[in-house]
Amino acid sequence: MADRKLSIFVEEICRVEGHGNIVLNASNGKIEELWLEITESPRFFEAMMLGRRWDEATHISCRICGICSIAHTTTSVRAIEDAFGIEPSEQTLALRKIAYYGEMIQSHVLHFYYLAAPDFLGVPSVFPLVQSHPEEVKRALRLKRLGNDLCKAIVGRHIHPCAYLPKCMPKLPDPKALEDMHRRCVAAREDLAAAVDLFATVKLPDFQREGEALASWHPDEYGMYECQAIKSTQGDLTERRDYRQKIHEYVVPHSHAKHAETEQGAYMVGALARYRCNKEQLHPAALAVADRLQLDSYLFNPYAITLAQVVETVHSVEEAIRYLEWTLGRELEWEDWGVKPRAGRGVGVDEAPRGLLIHDYTFDDDGKLTAVNCIIPTNQNLNNIERDFHALVPQIIDRPDAEIQLLLEMLVRAYDPCISCATHLLRVEIKR
Amino acid sequence: MAYRSGVNLQEVEPQAELYVPEPARIVKVEPQTAKEKLFEVELTSGRALGHGPGQFVQVFVPGIGEAPISLCSYRPGCSSFQLCVRNVGTVTAALHGLRPGALIGLRGPLGKGFAMDEIKGHDLLIVGGGIGLVPLRGVVQAILAERDQYGRVIILAGFKSPEEILFRSELEQWEQREDIEFAITIDRPHPGWGGHVGVITTLFPELRLDAPNTRALVVGPPIMYRFVITECRLKGLADESIILSLERRMRCGVGKCGHCQINNKYCCLDGPVFKYSELKFMWEAI
Amino acid sequence: MAKPTAAVFSFTGCEGCSLAILECEKELLDVVKLVDFVEWREAMSERTEAMIDLGFIDGAISTHHDEKKIRQVRERVRMLISIGACATNAGVNALKHRYGLREVKEIVYGEAGAEFDTISARPVHAVVPVEFEIPGCPIQGEEFLRIVLDIVQGKQPRLPNYPVCVECKRKENVCVFEKGMICMGPVARAGCGADCPSYGAWCEACRGFVDNPNDEAHEEVLTKYGVTSEELLQRYDIFCAYELEERKSRQQGQR
Amino acid sequence: MALLVMSEDYVRALIGKLMKETRVVAPHVREGRKQWQFADVVDPGRVALEYVSTILPPKKYAFPTEDDLVHWRTEEGFSAEPVLSVEPLVLFGVHPCDIYGLESLDISLTDTYVDPNWVARRRAMRIVGIDCLPDEWCFCSSMKTCSVSSGYDLFLTPINNWSEYVAEAATGAGAAMLAVAEGREASSHDLAQMRAWQNDKLARQRDRRINTEVNDLPLHFTGFADSVVWERWSRKCYSCGTCNTTCPTCFCFDVLDKLKLSLDEGYRSRVWDGCMLEDFAVVAPHENFREERHERLRHRFYRKYAYLYTRYGRPYCSGCGRCVRQCLADIDPVKVINDLLTEARKEAAGHGL
């Protein structure tokens, strides 16, 4: 098979959000071309937002992505608050976190059950599972719905939340709904235990590649929301506002998505990156699950991102319970909405389910945007995915086309890329 | 204060079934034209509907919705009745898709029909335009059942084109009868049509009426009313001798939902049959 | 009747609307009894060659590639239904029209952006005929299900033609104007259950306008609340930029 | 009937007692603002006894915004049955104008045909009225609905600057409430204060009046269908139906079909509708009997002050002011009617009358 010409072109990778292609051309076991092409139409959010009033910014920018729109909203709102010097109250933060963990749960469940599980169970989509694994499907639906409903109870809906504004909650949630959510979160522990059982049986493809990982850092909790600094597995911390000193974004010809790198080159963000950076801060229940899934033995295996998501889901449910209990333990107070814009720059950094998310806004005196920069998790991962490709392909180049294609697709899917989110991203094209 | 006082709610009798459609079966479906079909319907309970000409029912197609449809037959003693339906929208289209044996729901009979007692003993001028002929067909059937109770019966029927003629065989029978004066017209010349051509008002000049003794029964599209009423008045008919049936949007059919209101009248309760004298000062009626 | 087949195709957008379909969790199991999903890149790997009965489109048409693809999709689908603000109205994508296409590329990608494929963002109906449109950013699961039911039954689906205020007041909300926010509710098409005002924010008319919005009244009212005409237009822009462009060219056409 | 003077604490204690047996709903402040809403009482201490007007009138408890009427199935043939859920309810703290509204709907919804859902829910309802002080939008004095003499079981009139309430039972149910309430006997001084309260209400509306006797309104409306007034006021109307939706005497509805995904069962339910909405009078095919904004505005006013007045013997407007309080375009019935009266006078002068 020495003179085998390999050419794989996977057009519009399935079960990822957005459009991307994989291109692989190899000849005689030598890679000629190998990349991830982002064909998602470019959307120009950073330009569209210029000149808009501050109170429109969030509503526009959250349309970058429907899958993690709470994350975008969170980060955008925090950038605005940063610029205007607004400190939301403890109550507001607690309520936001409930919605935030809601999205983390829904997004992770969507990914590990709907999008990744079919690979492990050897079916093309979740629909056949309705027949073959009805209990699993119902469990997945229940968990995902829990995530959605957490968002709904606090900010109205999960896709493009209605009621997520700077400064305070424009409407206080109904205590009955909160009680109900608390009950369901507690009950979800059982479903999660079953999910853990399922993923404990999964065999990951054998692949390792060491590299840097970045994640939000917070002194008191597992870095997700309210990032204080950006932490690297290299050991350094970068101040939020100084993210540019750490992260460099650039345009590559084959992709509508910008790529990113640090001085070390490509880096990884997302569930596994967070785990690598901040593992000690996880909820004990989540740590126990990480142990059970032997996550520590897969720290450099990107296919294990899916497992890290399972771990984080457990963490998120526990955090949601904690904040629900906090809120239920007190009478919620009305806060008056009234934001005074001022000129200046504000940076919001948080973790979207897929990784580090940055919104950087500059306003003029009237509260109109004069500069916007958004750094999106999928963009940051693209470079890393390509590095992974280059490390992986030589190891598997002798396998049949279909298997190569599947492994590459699974790799891309493991990163849970949200390509629409990458605004500026996916197809697999293998030509040998 | 002269306001009417409240109602003693203990004394009223709530009508639990007010909005509940009663099961009915389609017995027969006869295509009439490209757009209209004639449905023969009976209540599954076997109960006779007991309606008068000009009344209507709310027809419910399960899962689709409800629409008011005139009862177009008048055959006392017969447990089934007929509905002639033009396919214009949601419910009517669904009805057109049904076959004999299909089950639907019905509420009614509703509304005030033609007050036959009041027109007895008079000459009658019956003017129907297009689908307007539908409620009038019941009236004609009622009249023919007791033909001797009425004076002259003149029927004018107008259609856009020969293809749109409804109740074709029945109209032919009416035409044959000695005791009915019948005329039919179509709006524009049409190949193969040898009869009268022109809008319905063009039939009026020929008419010789005993105005004080004549009652006109007119049903048709809104635009037709304006011209036909003028013609009737020119012939000397009094406003209370001109009787019309109106169409409005109706959701409840029982004077609650407000949709069919025409000035201070509810089309479903006070009508659909009105005297022109009741309507002439209502700017929303015609 | 054989079970109709259905597919979802995504164009330029955030794919929130496809997700909104996936989010009808409770009902999804019943929906797959009514229609067979045969192609949906976001959720499944299967693809089909056969003619598809119902094609749901999300996303706007904003590249030459999109344009080519939507024409191909149109050929394969009996009934084309655009879903969401992007597909029905170009959505936020039309915001870029306020700058030149060259400028937006440069702002985002610098010089390297020049070769990117982008054209004016347009709703699907501007490129190929569509049978029905479900507005909203994102679409409402309930409305989507109702419309699928209507279609499966052969019933012509209908959208509300009244403003969001109707649903807002039914929910007994304090009007957000009283909190110093600016609301598009009085001119925006309802059907969302007044989601935004009900959760304390303002309506942005993501479902577009009612058939006959009284913009003059709106301008007057907003002036009363200290909003300039220019700011009002900006507000309209977020989701209705394309609709306004369309309206303007229609009016010019009439003159 | 017996009168009892209750302190505010006793009134709240009474709510607490009623809550033990029945669901009690009462006005609550909404979002920390001067806006109120009828809602289930959880804590009697949070009931707003002193309030101006709720966003929606209390009719929502007998005529919910969406109400299932019929449940049908096609599993075995076709069958349909009425749907009705009723639960005993105390409506606590209803203003006279809203009592008038409920009584008005009693009339229209039992006229000729008797609406089952309305009547059943109204029968299961006990009403505790409370008097109020009008704000700048109320015009109950013009509508003669400042006080009502029926339509409640118990009525509370505040005296001594809202520190005490004179409670008057009008029915056996009201007397039963009084029997468990605490308070003191009313003195003639208390009664004098009650009268003073009424006078105060009237006085507050001295500058906000319809310039004619309300009984004459049907007459004044005759012949003014073509008045410029309708066009003038409708120019800034959004056709948003907020005025209909918030009105205590509006009762128009649309009927929706809600089909289960199994396709063999469904509900027919009514939802509030409004004559100001563009499609209210649309019939097949594409004919709208009130296409223009001014036609709809005119219809609303005629319906309230003329059509239903003549039909049901009372104006279908309680003067509660909700429609204008909530109307963004400030379309105020008092101003519109006075404008109409002025135009009428001008016209009459023009005819040399």
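We call the chains A, B, C and D, going by the order they appear; numbering starts again at 1 in every chain.
By definition in this document, a contact is a pair of C-beta atoms (placed from the backbone, for glycine too) under 8 Å apart; a residue touches a chain by one contact, two chains touch by 3 or more.
As the structure is a prediction and not an experimental result, all values here were calculated from the model.
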**OP:** With contacts defined as at the top, give the pair, A-C or C-D, that has more of them.
**Re:** A-C
Original post:
How big is the gap, in whole Å, between where the Cα atoms of chain A centre and where those of chain C centre?
Top reply: 25
Subject >> Centre distance in Å when chain C and chain D are each reduced to the mean of their C-alpha atoms >> reply: 37
Original post:
What whole-number Å value describes the gap between the mean CA coordinates of chain B and chain C?
Top reply: 43
**OP:** Averaged over CA atoms, how far is the centre of chain A from the centre of chain D? Could you give it in whole Å?
**Re:** 51
Subject >> Residue numbers of chain A (touch at least two other chains) >> reply: 171
**OP:** Name the residues of chain C that each touch 2 or more other chains.
**Re:** 153, 179, 200
Original post:
Which parts of chain B, given as residue numbers and ranges, touch two or more other chains?
Top reply: 63-64, 89
Original post:
Between which chains is there touch?
Top reply: A-C, A-D, B-C, B-D, C-D
**OP:** Sort out for me which residues of chain A touch chain D in the complex.
**Re:** 171, 334, 336
Original post:
If you look only at chain A, which of its residues touch chain C in the complex?
Top reply: 12, 14-19, 39-48, 50-53, 55-56, 59-60, 63-67, 69, 110, 114-115, 118, 124-127, 130, 137, 141-142, 144-145, 148, 155-165, 169-171, 251, 253, 256, 258, 337-338, 420-421, 424
Subject >> Parts of chain C lying in touch with chain D, wherever the complex brings them together >> reply: 27, 30-31, 33-34, 145, 149, 152-153, 161-163, 165-166, 169-175, 177-179, 185-187, 200, 210-214, 216-218, 220-221
Original post:
Which part of chain B faces chain C closely enough to touch in the complex?
Top reply: 63-64, 89-90, 93-94, 97
**OP:** Note which residues of chain D are touching chain B in the complex, please.
**Re:** 69-70, 72, 74, 77-82, 84, 103, 106-116, 119-120, 122-123, 144, 150-151, 215, 225-226, 251-255, 257, 259, 263, 266, 268, 270, 273, 275, 280-285, 287, 289-290, 295, 299, 302-303, 306-308, 310-315
